[in-house]
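The block underneath contains the structure these notes are about, expressed in structure tokens.
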Amino acid sequence: MTRRLMEGSEAMAEAAIAAGCRFFAGYPMTPFTELLEHFAAKLPDEGGTCVNAESELEAVGMAWGACATGFRAATGSTGQGLSLMQESLSEMTRAELPLVVFNMSRGQSDYFQATRGGGHGDYRHLVLAPIDVTEAIEHVQTAFHLAEKWRNPVLIYGDYLLAHTAEAVEVAPLELDQLPETDWAVDGTRSGTGNPRNVNSIGMIPGIKGIDPETFWKRLQAKHDAIAESEARFESESTEDAEVLVVAFGSMARFARHVVRELRGEGIRVGYFRPVTLWPFPSDALRAAAEGVQRVAVLEQNAGQMIDDVRLSVLGAAPVSAIGGISSDEAGFGVGPLLDVDRIRGRVEAALETGGGER
Amino acid sequence: MTRRLMEGSEAMAEAAIAAGCRFFAGYPMTPFTELLEHFAAKLPDEGGTCVNAESELEAVGMAWGACATGFRAATGSTGQGLSLMQESLSEMTRAELPLVVFNMSRGQSDYFQATRGGGHGDYRHLVLAPIDVTEAIEHVQTAFHLAEKWRNPVLIYGDYLLAHTAEAVEVAPLELDQLPETDWAVDGTRSGTGNPRNVNSIGMIPGIKGIDPETFWKRLQAKHDAIAESEARFESESTEDAEVLVVAFGSMARFARHVVRELRGEGIRVGYFRPVTLWPFPSDALRAAAEGVQRVAVLEQNAGQMIDDVRLSVLGAAPVSAIGGISSDEAGFGVGPLLDVDRIRGRVEAALETGGGER
Amino acid sequence: MEREILLTGIGGQGVQLAAEVLARAATREQRHVMTLGTYGGTMRGGNTDACIVIADTAISTPPLVSRAWAGFGMHPRYWEPVSEKLRPSGVAALNSSLFAEFDGAREDVTPLRVDTDALATEADAPMGGALVLAAAFSAATVLVTFDSLVEAMNEALPPYRRQHAEANTRALHAGWAAVETPITDAWNPGATT
Amino acid sequence: MEREILLTGIGGQGVQLAAEVLARAATREQRHVMTLGTYGGTMRGGNTDACIVIADTAISTPPLVSRAWAGFGMHPRYWEPVSEKLRPSGVAALNSSLFAEFDGAREDVTPLRVDTDALATEADAPMGGALVLAAAFSAATVLVTFDSLVEAMNEALPPYRRQHAEANTRALHAGWAAVETPITDAWNPGATT
Amino acid sequence: MTTIRGTVVIAEERCKGCELCVPACPPDVLRMSERRNEIGARVPELLAGCTGCGACLLACPDFCFEVYRYEAPQEHMPGGDA
Amino acid sequence: MTTIRGTVVIAEERCKGCELCVPACPPDVLRMSERRNEIGARVPELLAGCTGCGACLLACPDFCFEVYRYEAPQEHMPGGDA
Amino acid sequence: MSDTIRTDAPPEAAARRTGEFLPKLQLTGDHDLCPGCGEPLAVRTLLEAITDVGMTHQCVGVIGIGCYTALTSNMNVDLIQALHGRAPSLATGAKRMRPDTLFFTLQGDGDMASEGLQEVIHTAARGENVTCILINNGVFGETGGHMTATTVLGQRTKNSIEGRDADYHGYPIDMMAMLAPLGGTAYAARGTVHDAKGVARTRRMVRRAFETQLRGDGFSIVEILTMCPTGWFIPTAEGPGYLDEVLRSVHGTGEWKRDGELLTQAAVPPGDDEDLLA
Amino acid sequence: MSDTIRTDAPPEAAARRTGEFLPKLQLTGDHDLCPGCGEPLAVRTLLEAITDVGMTHQCVGVIGIGCYTALTSNMNVDLIQALHGRAPSLATGAKRMRPDTLFFTLQGDGDMASEGLQEVIHTAARGENVTCILINNGVFGETGGHMTATTVLGQRTKNSIEGRDADYHGYPIDMMAMLAPLGGTAYAARGTVHDAKGVARTRRMVRRAFETQLRGDGFSIVEILTMCPTGWFIPTAEGPGYLDEVLRSVHGTGEWKRDGELLTQAAVPPGDDEDLLA
């Protein structure tokens, strides 16, 4: 095995291509820019296409078109750019298109948008939140797989640290189940047959006047229920006899896990739980992990978003409190002072002291 | 008092103008279109301006500009159009601009978007969900007041029924506290003084190089906490000895309330609770109302969104279940078969039978 | 007293205008009024329905009712769901030009049959069928006065439809005149003839 | 064994390239490596920092460390926070052209002072100061070999910077040659001289 | 007596009575009849003199026309049927 | 001996050493010196012959120039100072 | 009436059917668009042109949102339904992946010139090898007849019932004038369906646009002026005349760019104006 | 060196100060933009022109997102910070409410021609009485020098390091050619800051644009070509020459529309080209 030093952006682009991604479109924005650059550099050699779109609205539209013709396609952005894509993400989910979206977020404050959908209507897309570059390489491949398996967009939730941290890694192709042939895409060959296809989000069927959105959307809801049942993933450590359970995702989890290991090394009873999928949220696993703890301490780099899902999982069985918060560098890229092992350790220790006391 | 027959759209436009709204911009989309038409018809006579924008992105931008110069301004849309505005709503919230937004939603499936913010970053805007045209007239005035009081956008969450139902009503100006003079807007007169203003969302200050988003955003979070503390509103009926508490908002609440009254009329112990503000959600009041009930039945016209907030309020004290669901007419405008007193009565009765049984 | 009226027809028949005219007329007469028009699918093709609630006191019922006092049918295609919602001893106002025979399923409601097409043509108001029926229905149920109807119609016309005011007035007149005696008194049901 | 190195300088000094070269060199030597560059504010003006972790085994620490084995200072303006994070008996590699005197606060770390400006100018690589220091630091700590550094530098240059390869090699050479004996052995601390 | 070089079939059930076909017909042999179809629309009718040019087909938004050209021109006597 | 009709003040501390002012000067009396400012940028220097035209001011992205016109032209002797 | 000719069945005398009810690529003729609407005519020309260029079984449409969207269930064509305004980007991504398939967008003026103006301009500037079909009636028909970015001065719409006024409503955008000069545009033409000759010419324009795409020459666009009596608040029978007088006086018909060359004067596409059905 | 003249203090001999370090409407000269960047020069002309037209205390800027955004903290002007691409709409809403105030937008080519192309075109077509200032360096400077919708063929950027190629990257958009013909556009001109004369002319253009706005004549725009040595990957000193040769050969400078009249040939704005500081 030879590891190569790759920043997260490069590793993710390579993993995507290894997973069969052949189309990418994006618009530069820190810290997403390098992902676009790596796709632009690498895709043409694999017979793929990368378009430097003139805006995020156009980027997601291009990816939509590529997806609809049956090719694995992706886009991405950050912050404002992701917001601009919400209309399309909602509709693409309902058009059942297997898009992969890279949100290289500025911090973790897009949790609600990622997990509830910032767009209109009832829809959900899967969200994978890798903890480091090594896991990101797996997640990207898993994302394309799940997207196609469920015909549903999948979002990779990363951040500045994930995109820019370089690690010595290897992009090893994952072993994944064989998926059935794509039979829903349009390639033009059904035209003129009397039985064409129409890829749409509201239940239009060629030859049938009018639409029936209720039936169509209820079927989607059932699909989303099935995804929720089967695709939740998590990682946990040292939960057995923990007094305080630290819950964190993505880069913050990397800090949390390190702190928990440090404290456990000193014999202190803290546990660690990480939702690997943010949607579906691993509620059952978290409820189980939280059993018997005195406090659940939620470490997220925002004003308090995932804490809703933690509370919805624990449902009053233990007090849940926030030990993270808003934290930013001067440029607003999300590399704030909270990202510090000592500082986080201090907060976990404070939670240990409070125990089951204050709520 | 002479009542006039006005559809909700017309009544809301009149109420907005009565509240001092002098700018509106929008792009047509059912069932929001008529609101735009009424503003377009009425604003010029009051010295105001209504722009038929070429898109929702441009509409919200225009309203942003008008707002920033210190005038009361509004925009609105539905579904896809609201999604397109999320980038701006996030930033305008952070720029502390008192925009009022009319979401004449197709059904109730934008609850998450409205209450968590579909855009990027940590932000919240107030959400008022009127139950009928009469209340909408009050809410619109309240909305402009709260927006300015808190320097924060306020969204009016309506739907097809609210926009299109005509009622015989009177637009009576509300008595509201006097607000201090606007001292944050730009009108150009500070230019050249050495002390100009910069209306922005990231904490830029004229004369100071660089920005400090962390401080700026933490201050915003504190403001949002203060709003959450003080502005939650609700309506309830017959909660005292209720076995089943029906929770609903907006138009669905009109059905729920009617059904609860019918059932109470027959001596059946059901209660009714309506969040009037969706954000802040009246959690404390709901927790109190749910005390002692066997079941909380959530009636919402979507795949299950407000139910999260209900669960977060009740926190396991009583079983919470959904008695609503996705429901749509053929055009997807949200006037589905669920909007039927008999049907809803049946579901409440079923909840009564289940009682505290199944979870 | 709460009077729910369900109207149904197909696109282009003027059902929405008729509903608005009835609702505005009742508003002029100081009643509490609520009305909602709905369209099957889009504004083009499909059914065009409306619901009106007129009451003496504040209205609690939502704008889509499960049961109604009266039905108002301009076209039979979507009549059935309306018919099913009528209360026993309700009223069914029907465009007899298209309702060949009265829907037998509801013998417990009182029919009012008006040959709207013929009356409208006669009145030189070919697009005014629904107004003919609305006026006849009002006359037959003492729901609102003729003057209120005419004023309401004028109020309801958008500026770009003003040119239709006269024809509409003729249509209202034709419908009103077609009823000799009321079949019920909406606000004084005891006095039902 | 986990070796954390914190680099700091100001924009344009080449600190990011130096960090990448060190990290790539260590990767070539089969170590586990993680590195992250951060900028104060934007890419223009302000500080330019980086963190490198090189280890024998998989790395658990996050890419922003609270404590480090070595500091690498090209400019004193943002040196203090780096200095505070150094472990006792760590190493501080300093651009003595700008660090007039060693930061007295940390007498428990071993300084390595290199007159990078002079060496770089001498080597006709005026932009190569950070590479001079990186090479000197590597030589002084036995962190990576000279060959690895040169190969890593070639790997790190984007196509539109290829023309700098030769000057960079000269800079690395100048830095490497400036160290006579190592002051510590990163991978074999017992063998410290 | 009129020469008829073509004719049309009209799908009356689809007609919406828009009247666009009438002025579109170069020899002016289409006119609106008094007949109404199911949805209440007045439908057009054909007089003698059709040339089979297809203008009506191109002008009708409801796909109501099919066009034929006679192998040999037909003659039409007023009062008769083609 | 050179005639000097104007002169400039240079805010050296703001200079970033971009060299744009040098070719911008019509009489070619600006050149880069060997001096470096705090941030390490080489700064320009003025030779005799300035006309006070202001081109340097318009060309400098860092607002380093203030321009003067002498009431009466000055004469500069090589080796001396204006 | 005895003066009329039977039209309920094919003729008995020997005759050749020269025009069918429906184009080959259309499933049914029944639709919900208003009486007198010009959009079905525009769609007819589009579908016929696909067959003309021999791509019947190798074409994909990307559909905007407007009244014409309701016509897509009648189309015997593989389709992607786009969001309002976004079709050109979808077509870009799709065509890049399937370069041998014929791709077209179908958009209204509200869709293309208002909500999605940026999309089509960038697509044209990039020289994407797709064909955009713009159905221009100068109104948002679907929402009830509001003014769009192309509504000409003096045109009646719901919010310009006395006619669009430049001072109050601003100026219309001439999409041909804007798109034709772009470097990536290879073919640009504006047709009309207000009379039979216009329909026949429009079909030839669409055909040439498709040929441009099939040659790989870059972006092509055909704008088609259509009647919207509903949105113009006029009787159906007055639609064609109003289009000709009002819309066409500003949005002139003809070819604007051909083979990458800008034409100084809009030209009629070559072909037989007399044989309407060819 | 004795050959040099002292430049660290005002002259001792009697002299008139004819040029100050900073325009009146600028707070400080210190900023973080790259050495050799042209954007501060564009901003200087803008600020001076405001004073020229006497609106020093009655002006508001709406700012896009790009490198120039960092310059706004130096500006002694009431400002609204817009999102990337959206400034013209904000200016529209603001100007409608405060018609007597001078409104301008400040946007880059990425901001105006890429992300926000639609906004500026619609604003121009509506004839909004605002002035848009476009700083065109042909790259997204802020994100590291990527190609934009105006990058000219042959231009070096991070993703066209060998120069933009039409077949691969598409064609640049000429913003003057696109915006000047619109009905609502009253004034359109393109200037440059690659030399002193260009800066002086640009200031006159901006002045005329503002005068257009103050007369209420409608939309005005001034595009300013600026150097971005960082995004072009060239030495700072080569910036002006590269701009002149590469960018300016496609994006020609001069006035394109004046008093609502399209000029057939781009014209120099009237004024004294020799007195640079006037």
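Labels for the chains are A, B, C, D, E, F, G and H, by order of writing; each one numbers its residues from 1.
Here, contacts are C-beta pairs under 8 Å (C-beta built on N, C-alpha and C of every residue); 3 or more make two chains touch, one makes a residue touch a chain.
Since this is a predicted model, take the numbers as computed values, not measurements.
The set of chains touching subunit B and also touching subunit D is given as A, H. Following the contact convention of this document, H is the list of chains adjacent to both subunit A and subunit F. Simply put, of C-G and B-G, more C-beta pairs touch at B-G. Between subunit D and subunit H, the centres computed from C-alpha atoms are 41 Å apart. Computed centre separation for the pair subunit E/subunit F is 88 angstrom, with centres defined by C-alpha atoms.
The distance from the centre of subunit E to the centre of subunit H, with each centre set as the mean of the Cα atoms, comes to 63 Å. Among the residues of subunit B, those in touch with two or more other chains are 54-55, 80, 87, 91, 202, 210, 329-331. Shared interface positions of subunit E, i.e. residues touching 2 or more other chains, are not present. Residue positions 30-34, 70, 83, 114, 116-118, 122, 144, 149, 169 of subunit H are each in touch with at least two other chains. Contact residues on subunit A toward subunit G in their complex (touch as defined above): 22-23, 25, 49, 51, 53-55, 57-71, 73, 87-88, 91, 95, 186-194, 196-202, 204-210. Residues of subunit H touching subunit A in their complex: 83-85, 113-117, 140, 143-144, 146-149, 158-159, 169.
Residues 27-30, 33, 37, 40, 52, 54-56, 80 of subunit A touch subunit H in their complex. The touching residues of subunit B, when paired with subunit A in their complex, are 78-80, 82-84, 86-87, 90-91, 105-106, 109-110, 112-113, 116-122, 202, 210-214, 217-218, 221, 224, 302-303, 305, 308, 311-312, 315-317, 325-332, 336-337.
Against subunit A, in their complex, subunit D makes its touches with residues 20, 23-24, 26-27, 30-42, 46, 59-66.
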